[in-house]
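Structure record follows, encoded as structure tokens.
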Amino acid sequence: MLKNMLLSATILLGASVSAQAACDFANTTPIKVQAPSFPAWIAVSDYMKTCGNVQVELDMQYKEKQPAALSAKPALYQFAGLAVNSLVPLLNDGTVRPLDDLIAKYGQNLQANQLIRIDGKVMAIAMMVNVQHLMYRRDIFADLKLPEPTNYDELLVSLAAIKKSGAMQYPMGGTYKSGWDLATDFVNMYFGFEGAFFGAGNVATVQGEAGLKTLAMMKALTAYMDPEFLTSETTTVQQQFQRGKIAAANLWVTRAAAMDDAKESTVVGKIAFAKAPAAHAGGKPATTVWWDGFAIAKNISDAEADAAFRVAMQGLSPEMVKANNNAAIWLIKGYEPGKYAVGAAASAAAGAPPYPATTAMGLMHTALGANLANFFNGRETADQTLAKIAAAYTVSAKEKGILK
Amino acid sequence: MIPALRASVPLRIAASLFLIGWLIVAAFPLFWITALSFKVPLDAFSTNPLDVVLGPRTAAAHGGISAKDLLVIGLVMITTTLIFRQSIPLRSKFIRLGVYCAIWIIVLPQALGVFGDVFTRPLFGITWEHYREVWVGHAFYRQFINSAIVTAGVVCVSLTAGTLAGYALARTGTAFAFWLLIAALVFRALPHSVLLAGYLPTLINSQAILAPLWEWPATAWFFHFFATEPPTLYGRILPVILVLVSINQPFTIWMLRSFFASIPVELDEAAQVDGCTPLQAFRLVIMPVMWPGVITTGLFSFLLAYNDYLVTSLLLDQQSQTMVPAIAQFLNSENSAADQIQAIAAAVSITAPLFLLVMVFQRQIVSGLTAGAVKG
Amino acid sequence: MRGRVFLGFIAPSLVLMIIFIALPLVSVAWQSFHATQGVFENVLVESCAPGFLTQTCVKTIQSRPIMQAGVAVTQTSFVGWDNYRQLLQPDAVGKAFSPTGQGMSALLHIDFYNALRFTLTFTLITLPFIIGLGLLLALAVDDIARGLRGPVIFVTLLPYIITPVIGALSIRWLFVGDGVLTDALRAITGHDVSMFGQGWTIELMMLFYRIWHIAPFAFVVFYAGLQTVNRDIIEASVIDGATRMERLRYVIIPHLVPLIVFVTLIHLMDSFRVFDEIVGFAAQAYRISLQWLTYSLLTPDQTGNRAIARASASAMLTMLGIVVLLLVPLRRTWRDHRGKS
């Protein structure tokens, strides 16, 4: 009883958030939603709640919880908010359903760009893209007459100049937290050096020229970072910017708007957004394009899937985008790219590759995350670290069964 | 105390300095996060530590506590303590308290007004916005209720099962009992993450796993009494209570066993001679004298259940989540400095009940331990 | 107490412990000798991802799990000591200690030994500090005026009762980046100290945190013990002319020995599975512990896979370590127990 009362109180609370945007149907099937808890999802889920009977769970541990929750019979959630990499485990387990029929029925507002097709079938719907790109202090670069860096060698020159000028001791920021973040930065730079992670039959080929160049370049950048860079994640870097501690970083575009938030930023209007630097002169931007979106569970009734998809379409409506235009780089109809999207668009236009989400890549990403730190804290040489990464990947790939 | 037992002066000075140093080290981190939680982000993350304590920007935006407020609060507190220490009838206590407080609260501020705004200017900036955001905006009271249910459940189940087992073990010297205690000890030493790996899939798939109990005629009638189909146990509070009890049970049993061992065997032997069954003997003879030990042990169970992060974060979903994993969520989902301070405000909110608990039970902890709950 | 009655009394606790600890433990032991693999086929897959404004579709050869009735096919097989070998890497150890090897430094590049090294030093270094600090605090508090004891005990207990996650975070907030104490250190030493910038400072902070957190527990146990010291013996010793140190050494400490063993036991168990500190201080880039190793193996990787087999092996090894550590203090309990029956 108490629980029900609290539940209805929450629903009321949710409904009041966006009371002006009424759902265009009354949902009667109870739907449980699980999604990551960043601002874009808060906006989307608030719109979903207006349909009624929607219970939302926003949780940054979604990656750990979803595979198990969706494989239960019946699945614990009908709707799973996810990103490009977290779709892979669900596909491997076969716990998400093809959406083609539902799209035909309710997906009039979807754009072709949003449909994530795997082997011809649409398995997920994307709602936004996310990409790491260059943010830098326009004022400091202008004062020192430094040009906008287009590659990391130029950036290093600028950093040296800023440090020398005494404006900042550590002018560079980096999402180098040991684990997923550091591995993502490695992947970005590695693709920037045209590296390939796998040869035939999923054999790791990370121990090569590109790997060594990547590590050397990243190490060179760390010389300009606060020595605590191995614990620094996206929010840390965002705050370093906001407090005027750093002059440049390759940071996620979702954090761009926060730079101009007068409530916590001391550098409002001073940050410029540009395409991600190339790893070497003439290369493509050293970054990867990610998407966030959703999938619908397989182990549920068709009626539930129907309702969940319909509710989801309310969440991804043009009205939602209109109300939250700057919360993300939306892929949804009605989005008008603003000043915060410039750098991301430029990166994509210059050929930044999509993040290659595959089973092998997932294992490689994990191996990178677990083993890179020892290179940056000085305990191992580049060769040793790359050898350990390859070995860790091989063990887990054999365990997984994708490597003979 | 005989005079020779008094320590020499240098030793006493050294001991006092040591104690004062320790008290600062013990309290400072908590003091600091409390101070942070009442400030706007620009103050809280200011590079000047004085800004964090005084909060000039917070004071400008939200006001705060002035010297006058501090004076009034201080005087009211001192007067209250002094009056309640006097041995006069309760009614006159309240009358005196009322008179003095009226003076402090109404007359004093007027008098201080003579000095201009020196006393009324906010000295410490304080804002409740983060607390409001946490408790109202994020409906933190729901997590509080969940925490209360989990904690109360764990303490009750754990003590009920624990006193029985602890008593039995204290009165047995067989090798079986010994090996049971050793097994309990090894269980206590287990890394919890290992056990959790087994719980998660089981609880998520419990509907399928428990299905036979609902289908097999011999047990079906019994279980259908509770529900028409097997429950999904993931996200439910009951299994979490049982898991926490089990994890903590070895410690509870050991504590209570040593405590019961310090109660003379002759007591229950006498009761049995009088014709009591073992259960009656336990109820009539042991229960009346066991409370100091039980309260102390219960406090340890309380701390374990209330503070647990690993088990609750993995086995509960958002609807049934307790406070500690909710904090981690605040921290994980933090995208801005304000979110971070909200996390700190939530952390301080969690600590407050623990504060009260220790204040109330502090004497019992010491006396329970003294009475023999720990004898190695 | 007779057998049936005894069983009746312990049944509730026993059932709980069997279901929630013993059975999972058996399954962990079983899993540590087995491996479960998916069955994959390599196929040419066209996958499309949203670019910015246009969609990019690529055809690549990907490994795809083989499905049967909607469920991915897996194979479980007995692998003997393989999982243990993956962790312990006996070949690499042999190489490290061969004439051409680099000895210890090479050994510590293997995750398991690195974790073991940290866990052991962490456990053994904090132990004497906790016992010592707890004892000093107990003696000091026992010596002050009665009226002051309440508040002093209250503040002293704070670090122990506070939620560990929050305690670790609150200390971290003091030192991280521009934390107030980092700034203070900079002002005192004159140069920038990054407490989270290198391994040894992080290790030092983790040690400090654990001592800060557990010493109050030792204190309250010892303090309770001091209340039961036989005053007659103390007074007799004073009359015999024993100095304060002598009283401490020959009367008080012997009286507290069982409690010291108790605290040691609890502390060995708790700190051998050190985990909260690693998470709270985000130390994994520099220092890892055995339980953290198990936990990280259990965390689903980017493919949703939990390395359950290796995690189980690592857990079994952690348990083995604890049992070995506990053997010494436990011999006493066995003697006591025998004495009673």
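Order as written gives the chain letters A, B and C; numbering starts at 1 within each chain.
Note that a residue touches a chain if its C-beta (ideal position, glycine included) is under 8 Å from a C-beta of that chain, and two chains touch if they have at least 3 such contacts.
Because the structure is predicted, anything quoted here is derived from the model rather than measured.
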Looking at every pair of chains, which has the largest contact count? B-C
Closest chain to the centre of mass proxy, which here is the mean CA position: C
Just give me the whole-number Å value for how far the CA centre of chain B lies from that of chain C. 22
Taking each chain's mean CA coordinate, chain A and chain B are separated, in whole Å, by 38
Calculate how many whole Å lie between the centre of chain A and the centre of chain C, each centre taken as the average of the chain's C-alpha atoms. 33
Counting only residues that touch at least 2 other chains, which ones in chain A make the list? 243
Where chain C touches two or more other chains at once, by residue number: 178
Listing for chain B: what residues touch at least two other chains? 45, 47
Under the definition above, what is the set of chain B residues touching chain C in their complex? 2, 4-5, 7, 11-12, 15-16, 18-19, 22-23, 25-30, 32-33, 36, 45, 47, 49, 52, 160-162, 164-165, 167-169, 171-174, 177-178, 180-199, 242-243, 245-247, 249-251, 253, 261, 278, 282, 303, 306-307, 309-310, 324, 327-328, 331, 344, 347, 350-351, 354-355, 357-359, 362-363, 365-370, 374-376
Using the touch rule from the top, collect the residues of chain C that touch chain A in their complex. 35, 37-40, 42-43, 45-57, 60, 62-63, 65, 67, 70-72, 75, 86, 109, 176-178, 192, 194-199, 282, 284-286, 296, 299-305, 307, 309-310
What part of chain B is in contact with chain A in the complex they form? 41-42, 45, 47, 139, 142, 145, 200-201, 204-205, 207-208, 232, 234-235, 313, 317-319, 329, 332-338, 340
In the complex formed with chain B, which residues of chain A make contact? 2-3, 6-7, 9-10, 13, 37-39, 55, 57-61, 68-69, 71-74, 76, 235, 238-239, 242-243, 255, 258, 261, 263-264, 266
Sort out for me which residues of chain C touch chain B in the complex. 1, 5-6, 9-10, 12-14, 16-17, 19-25, 27-28, 133, 136-137, 139-141, 143-144, 150, 152-159, 161-167, 169-171, 173-174, 178, 180, 183-184, 212, 216, 220-221, 223-225, 227-228, 234-235, 238, 244, 257-259, 261-262, 265-266, 269, 272-273, 275-276, 290-291, 294-295, 298, 306, 308, 311-312, 315, 318-319, 322-323, 326, 330, 332-334, 336-338, 340-341
